[in-house]
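In the two assemblies presented below, chain A is common to both, partnered first by chain B and then by chain C.
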Partner chain A sequence: MRTLEQTTQEVLDLAATHFQLPAGSLAPGDDFFKKLGIDSLQTLEMLSRLENHFGIELPDYEVQGVSDFKTLAERIQSRL
Partner chain B sequence: MLDLSKYQSIGEALKDALDQFANEVCLIEADREREKERLTYGEFKARAHPLTKALQDAGFVAGDRASIIMTNQPKWLISAYAVFFGGGTLVPLDYKLTPDEQWQLVKHSGASVLITEYPIWRQLSASAARAAAIKLQTVLVTESPPNADLAGARRWEEFRGEGEPVFVPRARKDTACIVYSSGTGGRPKGCMMTHENYLEQCVALTSIYPFWPGVRYLSILPTNHAIDFMVGFFGPFTCGAAVVHLRTLRPEYVREAFPKYKITYVSLVPLVLKNLQKGLQARFDELPATKRRIFDALVAINKALTKGRPRPGISRRLLKQVHEAFGGELRTIIVGGAFTEPQTLQFFYDLGIPVANGYGLTEAGTAITVNDLKPFRADTVGKPLPGMEVRILNPAPDGVGEVSVRSKTIMSGYLNEPELTAETIVDGWLMTGDLGRFDETGHLRLAGRKKNMIVTEEGKNIYPEDIEAVFESLPVKEFCVFAANYIWPKRSMVGEQLVLVLRLEQGRQLTDQLRQDINARNNRLLNYKRIHGVVLLDEDFPRTASLKIKRNALAERLAQLDNATAVLPL
Partner chain C sequence: MKSFTGKTLRWEWREGVIELTLDHQPANEIGTAMLTELEKFVAAFGALAPETSVCVISSARKSVFSAGGDLRELYVTAAATAAKDRPTGVRAFLERIHAVMNAIDEAPFVTIAAVHGACLGGGLELALACDMIIADKMARFAFPELRLGFIPGFGGIPRLKRDLGNAFVRDLLFTGRTVNATRAQAVGLVAQLAGEGEALRIARSTAAQITKYDAVARAAAKKFIKPIPREELRREIDLFCELFTRPSVMAALKKFVEDSGPMPYLP
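Moving on to the complex of A and B:
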C-alpha cells in the first residue's frame, strides 16, 4: 500500500510527464490550472491517465472543485 | 411532436408526451463503458408519479418551489417532471457551485424541497450556510450508500407515495422555473421563467432543429443551464426523442458515446468544441502525404456541394471516416453558452457537420438568434428565431448598438428584484447589455458588451461584483474588480478577462508579498472566476454619498489609462 507521500509524488511525476515538464518542477501545493496552464478538459484527460496508473476509478464528483495536486492525491489515496 | 399551442404548462405537455410516446425510449444512462439504464416514456412515468405522490403527501402544493442540484442523469429529469406534475416551480442550480453558493441560492429562491445527489449532499450538509435556508423542509438524496449518515435528508429512491398523484394545472403566465443567471456573490439574479416562455421557445427551436422518436440527444451541458433544459429535456420529450446521459464526462467516454448510441444532436460549449477541433486537426495532420491530399480534396468537394445548405447524405459518403467517428448519424452540434469563433464553426461545417451557433441569454428564454444554415454563416450568430423581435438601440454610425429583444420567451422578471427588473425590461423590451448590429441579410453580428461582465469559453457568466468578496481585507486602500472589455471595449466576444483595480495605501508599492496575497486569494476562486491582472490607480475611487464605489465613473476614469500598459500580470 502506498503512503500519501508516495501517491502525491507519483501524481506529480505523471502530471509532469503528461504535460512534458521537467521532473521535479511541480509541487504538491501547485494549482494545476495555473501551473500547467490547462483548462478543465485537459484536467479530465490527466485524470484518466491517473486512473490507469493507479488502477482506480475516480468519479467526476470526487474531483469537482479540486485544483491542487495535494488534494487530488488525497482523493486518489482514499480509493486505493 | 405535440402541438404545444394547446398546452398551458410544461407539466401538462410532458404528461401527454409520456402517454403518447409510452413505448419509445426516452432515457439512456451510461457510466464509462457500462450502460446503466434505459427507460421508456412509460417507465419514466412509473418512476415519477410515486415521487409526486410522496411530495404531495408531504404537503407540496401549487407554486411551491423545489430545487435540484444534480449532475446530468435520469433522476434529474424524473424529479423535474414530478415537480411540474404537482404544480411546483423548479429551481435548477449549478452542481459546480460551492456549497455556500448553493445554499445562498436555495435560500434566495425560497425552496421548500431540495433534491440532490449523495456526494453533493455530503458537502452541502457539512456547510454552515445550511442554517440560512429556513424554508427548506424536505431534502431528497439519490444514490446514498446503505449506511450513510443522511444528516436529516431522505433517500430519493425510498420517497414514494402510494396511489396516483393529483395533476395540478398551471397557467401559461405562472412561473415554471427560477433560473439563476448570476449573482452568487452579492445580488442573486433569479430569472422567473414562465410556462409560456418554455412552450414558445420549444416551438421556435424545434421548427429549425426538429426532434422525433428515434433521435438521440447527448446531454453534456449541465441540465440546470437553459440550453440543456430545453434541448436535453423539454424539447426531445415533447417529440418522443431520447436523451443520453453520461455519468463520466471524460473526453474518451464522450467520444465513445457518439458511435455507441448513434447520437443525432449534442450541445457543447465553445471550449469543448475547440478541443474537439484540435483533436481532429491533429489526426488530419498525421495523415501520410498522399492520404492527406485525397482528404483535402474531399473536404474541398464537400465545401462546394454544401455551400448553400447542409447535405448530410453526401457529406457522410464523402468523409465517411470522420462521420463514422461521430456515429454516422450526427446531424448538428449545437453550441452555446458563450461566443464561438467563426473559424471553429467553419472547420466543422467544411467536414459536413453543421454547428448550430446562436445567441441568447437566460433572461430571453435561451436563444434569441440561431444560425438556420440557409446558408451557413460562420461570421454571424444567425437570424432571430420565429417570434423574436430584435432591435438595435442607439446605433453608432457603423450600426452597432445595444441588442434588445421582445418576445413571449422573455422572463417575467428577477425574483424579489423589481428595480433590477424595471432596468432590464423596458416597455416589454429586454435590454441584453450586449452590443451588435444586423448585416444586410438580417444576420446578427455581436460586437462586445455594454455590461460589466464576462462569459468564459466554458459558458460561465461571471460578474465582477460576485468575486470581490475574496479580496476583502486585502492590505490596500481600495479595490474593485472589472471586466477589462468593459473599461477598454474591443468589440470582441473572445478572450474576455477580469482585472483587479487597486488604490494602494499612500507610499506603498505592489510588492511581491502583496502579489502573493492576491494570488493566494485568487486561487480560492474557481478557476474560471479568477482575475488575470492588476491595474493600479493612484487616486481615490469615486464614491456615492453612501460611500459605494461609483463603478461607471471609475470605469470612465480607468478608460483613460493605456490598456496595453495598465494591466500588470499577476
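Moving on to the complex of A and C:
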C-alpha cells in the first residue's frame, strides 16, 4: 500500500514526465492548471494517465474544484 | 463522391474503405456547419455503398474525438429566438442530426469509430451509431448533458441502452462523469483497446480484415444484430425539446459558454 507521500510524488513525477518538465520542478501545493497551463481536454488526458498509472477510477466530481497536486493525490489515495 | 474536403470534415474512399476525418476547431463540436457536411457525407452512401466494405471515422484534432454538440451555437441561437419558438428550432436541428445518425447506424457497410481523447455527448452519440469503437487507451467517454439540465439529444440513450447494461447506462447518465477506455471496454462500449496514438492504425487493420468477407452476408449480419430503436429515438427528440424549454437550461448553458476557466462550468 502506497503512503500519501508516495502517491503525491508519483503524481508529480507523472506530470513532470508527461509535460516534459525538469524533475523536481513541481511541488505538492502547486496549482496544476497554472503550472502546467492545461485546458479541459488536457485535464481529461491527465486524468486518464493517472487512472491508468494507479489502476483506479477517479470520477470527475471527486476532483471537481481541485487544482493542487496534494489534494489530487489525496483523492487518488482514497481510491487505492 | 469518392473524396471531399469541407470546413469541418473530409472523407476519402480507397480500396473499399471510406475514411471520414473530423477536423473542426477547436474540438469537433457538432453544430450546423458539421451537421451540413455530415448530411453531405451520408448522401454519398448510395453511390459509395456498392464498393465499400468499411467506414472508419476518426478525428484530426489533438486530444479529442469530439466534444459533442456545439453548445455555444445552441445557446447563442436559442438566446436570439423567442422562448416560445425555441423548441421548433431545436427540433428541426435534432431531426436532421437523427437522420444522419440513423444513416450511419444502418449503413450497408461496417462502421468503426477510431476514438482518441475526449469523446463526449454528441461525439459519443456519433461513435455509438457506429458498429464498433476502437479506442486509444487515453480516450474518455461521457454524457454530461444532465449536468446542464437536459438529456443527450443525438440518439445517445436509446443506442446506449441497445448496446449496454443498465448499471453502466445509468452511471454514465446520472453522474455525467467521464470514464476511461479500459472501463469502457470492460462494460462493452469499446470493442478494441489501442495503445496511445494507435487507434486509427488498428481501425485500418481491422477494416482490412473486414473487407475480405462476403458483402451480402456482412450486411445481413449487421441488419440482424443491430436494429435501430426508432420508437425510443422519436421519444428522445420529444423529451429533449420538452426539457429544453425550461429557463434553468438556458441559465446553465449561459454559465457554460461564458466560463473562461480551464474547466468549463458543469455542476
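Miscellaneous remarks
What we mean here is this: the second predicted complex is superposed on the first by the 80 of 80 C-alpha atoms of A that agree within 3 Å, B and C clash if a C-alpha of one lies under 4 Å from a C-alpha of the other, contacts with A are read in each partner's own complex, and residues count from 1 in each chain.
In this section, a residue touches a chain if its C-beta (ideal position, glycine included) is under 8 Å from a C-beta of that chain, and two chains touch if they have at least 3 such contacts.
Keep in mind that what you see is a predicted model, and the values were worked out from it rather than measured.
In the superposed pair of complexes, A:39 makes contact with chain B and with chain C alike. Look at A:57: by the touch rule set out above, it reaches both chain B and chain C.
By the document's definition of touching, of the two partners only chain C reaches A:49; chain B does not.
Looking at chain A, you'll find residues 33, 39-41, 44-45, 47-48, 57, 59-61, 64 touch chain B in one structure and chain C in the other.
The part of chain A that touches chain C in the complex is made up of residues 33, 38-45, 47-49, 51-52, 57, 59-61, 64. Against chain B, in their complex, chain A makes its touches with residues 31, 33-34, 39-41, 44-45, 47-48, 57, 59-62, 64-65, 67. Against chain A, the residues of chain C that register as touching in their complex are 27, 62-64, 67, 117-118, 137-140, 142, 175-183, 262-264, 266. Considering their complex, residues 32, 71, 95-96, 98, 117, 119-120, 247-252, 271-272, 275, 457-458, 523, 526-528 of chain B touch chain A.
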